[in-house]
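In the two complexes below, chain A is the common chain; its partner is chain B in one and chain C in the other.
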Partner chain A sequence: MIMKTYTKTLQLSAFTLSVALLAACSGPQVRYGDAKAVETVNANYGSTDLQMIAEAMTRSLLQSKAISGSKDAPIVTLADVKNKTSEYIDTRVITDKIRTQLMKSGQVRFAVSVSEMQNQTEELKRQNQSGLYKNSTIAKTGNMQGAQYRIEGSIASIVKNTKDVKDVYYVFNLNLINNESGLLEWADEKEIRKTATR
Partner chain B sequence: MKKYLLTLLAAIALVACSSIPSMKDMTIRMGDTDSIQITDMRSLMRNGVLTAQVTILNDSKSNLVSYRFKWIGKNGMTVTDEEAWKPVTVGKGQTTVIMGIAPTPDATDFRFELNQYK
Partner chain C sequence: MPLMKNTLLAFAGVSLLVLAGCATKPPAKEQTIIGQVPADPPKNPVISAETLKSASQSIAVTDIYFKKEGKNLVFIEETRNKTNNNITSTITPRTIEVDADKANASAVTGGPNSSQFPVKFTNLADPKSTAPGAAPIVTPVDTQASSNSSDSETQSSKKSGYEAKMEYGELRYLANPIRGLLIKSGYKVVQAKATVAMPNQGDEYFDIVKRIKAGDFGDADYILYGVLAEVSNTDNVSDIPGTKSTSHQMTLEVTVDFNIIDTKTSQIVASFVASGEGKDVQIDGRDTGYKPSSAKLMKLASLDLAEDVRKNLASQNFITNNPGSAGYERNLKRRVDDDASTLKVYK
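Right after this comes the complex of A and B.
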């Protein structure tokens, strides 16, 4: 009788010990998530805001008369998007995303922007002045195509805080400007509101 | 002769009904979105690009819902990568009109996807 209870307690303690060991061994886990899922970690600028802005601006721009009404794909370049919010927002990522989506649509052609000109001029210089390349295969200087339009904009925010609620409102403005005439050919805005309750 | 005409008419009607998908067929639901009803769905080719419009109604509780469109081109193939899920706030008893514009002129059809988000 005593032997039976002894083996039973031994079995039970062995079991609990193994469970405790397994629980301790499983540390923090890493899982891949869905890049397109809605992100609600906090009320700051997030991936869903970036995706919503880029998509809304791209689709609206594709419908504008300057893009859809022209026979050949117009040549556009990216100019600055000012960050007028108090947060750190990489606005270059937004315009790069818009540029990628517009390129994929096949309706727009892009010229290198100001920030990429350094690479462009270095490559041209290398090909033309180093004397290493066959003359018939060189990309000659003086043949770059100028952009007809440029895209520029700004993002602003209004943040309101109380003890229990943080409300953030973003407004993203984008303009398509004709480089030669200086006229605004298209403009659109995207508004986002996020509320966080404590 | 009359019988033959009637059966022919019925067959044509059935064929016509089956070729246009219902709003339910064009909606793909994931998660708990039962409180959201689709009341209207229409599309139009505007400026060479497909524009879709869906009207949703929130029946009961205030649900956190996100949506996206899936654009379909020739042969039922999806035209681009998956879109990002876009959250929409619909109050109880409120209708919202959701517009979507296709990313390329290749899109000829669309599906409307609904999901809940935490």
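Right after this comes the complex of A and C.
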């Protein structure tokens, strides 16, 4: 009888140990979420803000007279979006997202921006000055197209804190400027308010 | 009642006839040629569509005339020795600058890289230039010194001044693309005689009416002649924003003043200024010591000049906006008409 109880106890212990070992080896749980789902982890600048800004600005820009009233798809380039907030925000991601959505519309063409010029210059130099390429196939120096418009703007924020509440107000401003005339052809802003309570 | 019926039938018949009349389209008078852009009809009152159709107009295109005005700095030292009754004089040009900046910069002034141009700049260091009659007009600015001894006397004088030099000539190589576009537009292009500058040539070099009367342009109806306003070579290096590279730009730019004159009436039928630019761009060219090809720049500048001429001629209605369409047909028609095999003999 004692022997039987001992064997049973031993079996149970072995089973418990195996379950514990398996649980230890399995690691953190990973699951895919909806990239467009509303993110409310905290009041800081997040993915939902990025998506809201890009969507609102693209829609407004495509309705502007400079774009919708143009016979041919105008050539635009991206300039700086200044980060005037106290947070670190990669503003290039915002303009890139706007550019992608504008490109998909087919109503705008984009020229390489200043930050992309290094690669463009090196490619032209390689084709034109290395002497390795067939003349008729070379992308010739001096034929790059200048942009009619440039997109530039800024993002600013006002943050207020109490013991239990954190209130953040973002305002994103975007401008479309005619490079030749210097005239502001279009401007719009997107405001976002986020409040976090304990 | 039958009267009503007949009236109704009559009205119906008339209505049908009217409808049929409205629905009928008039036959097309002109046939469009598929695959060709219709040319704008010439609007110039001198060169009407009728005159172009009835007879192939001929035009002579001169090479581009130029007049080069330069200043040569002359510095002459004259030493005069008087021994008894014998006087000897030695004239030594000491310093000569041939407008160095312009001479080196401009392709037509006889600079070091312009041997292909038919221009020769007079070198005053040549003994002939200081011969009597050829000596420059000089202004005394320096001291005159003299020394006496018992049997000889030496006088030396230093003189300096500017001598204005004029060069007249024709620039070849630039006008051929213009001739080409006029051929495409349906004009018969006549070869003009070259104009040779005479010694002590003046502005009568540009007297086109005199040349027409002298028969330099054969039976041409019009003369397109251009006078070079300026040639400039630029060599600039600039940073490319957003990169570590520089852009080395070498440019040859020509600006020419053009006139078209009717040989029969001496009336100017078109007048404009056109310019052409030949550009060679090298990325980081300064670092690699790149030297541009003058021939390439000249070709690009002449093609660009011809394009500007085309725009100006079209805007002044001398040629159509679509050279190669109706003009080409006219030109082709002229060639067919000129072919001996198509000659018809009327008795």
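Criterion: the second predicted complex is superposed on the first by the 171 of 198 C-alpha atoms of A that agree within 3 Å, B and C clash if a C-alpha of one lies under 4 Å from a C-alpha of the other, contacts with A are read in each partner's own complex, and residues count from 1 in each chain.
Heads up, the rule we're going with is that contacts are C-beta pairs under 8 Å (C-beta built on N, C-alpha and C of every residue); 3 or more make two chains touch, one makes a residue touch a chain.
Everything numeric in this text was worked out from a predicted model, so none of it was measured.
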item	value
Fit or clash - chain C, chain B, common chain A	fit
Touched partner set for A:Q63, first chain B, second chain C, both or neither	first
Partner chain(s) touched by A:S105 [first = chain B, second = chain C, both, neither]	first
Partner touching more residues of chain A, whether chain B or chain C	B
First (chain B), second (chain C), both or neither touched by A:L124	second
A:A196 touches, of chain B and chain C: first, second, both or neither?	neither
Touching partner for A:M144 - first (chain B), second (chain C), both, neither	neither
Partner chain in contact with A:A37 - chain B first, chain C second, else both or neither	first
Touching partner for A:V159 - first (chain B), second (chain C), both, neither	neither
CA minimum distance (chain B, chain C), superposed complexes, angstrom	30
Common interface residues of chain A - those touching chain B in one complex and chain C in the other	none
Complex interface listing, chain B residues touching chain A	46-49, 51, 66, 68, 80, 82-87, 100-105, 117-118
List of chain A residues in touch with chain B within their complex	36-38, 40, 48, 51-52, 55, 58-60, 62-63, 68-69, 101, 104-107
Touching residues on chain A, where the partner in the complex is chain C	113-118, 121-122, 124-125, 128-129, 141-142
Chain C - residues contacting chain A, complex	240-245, 279, 281-284, 288
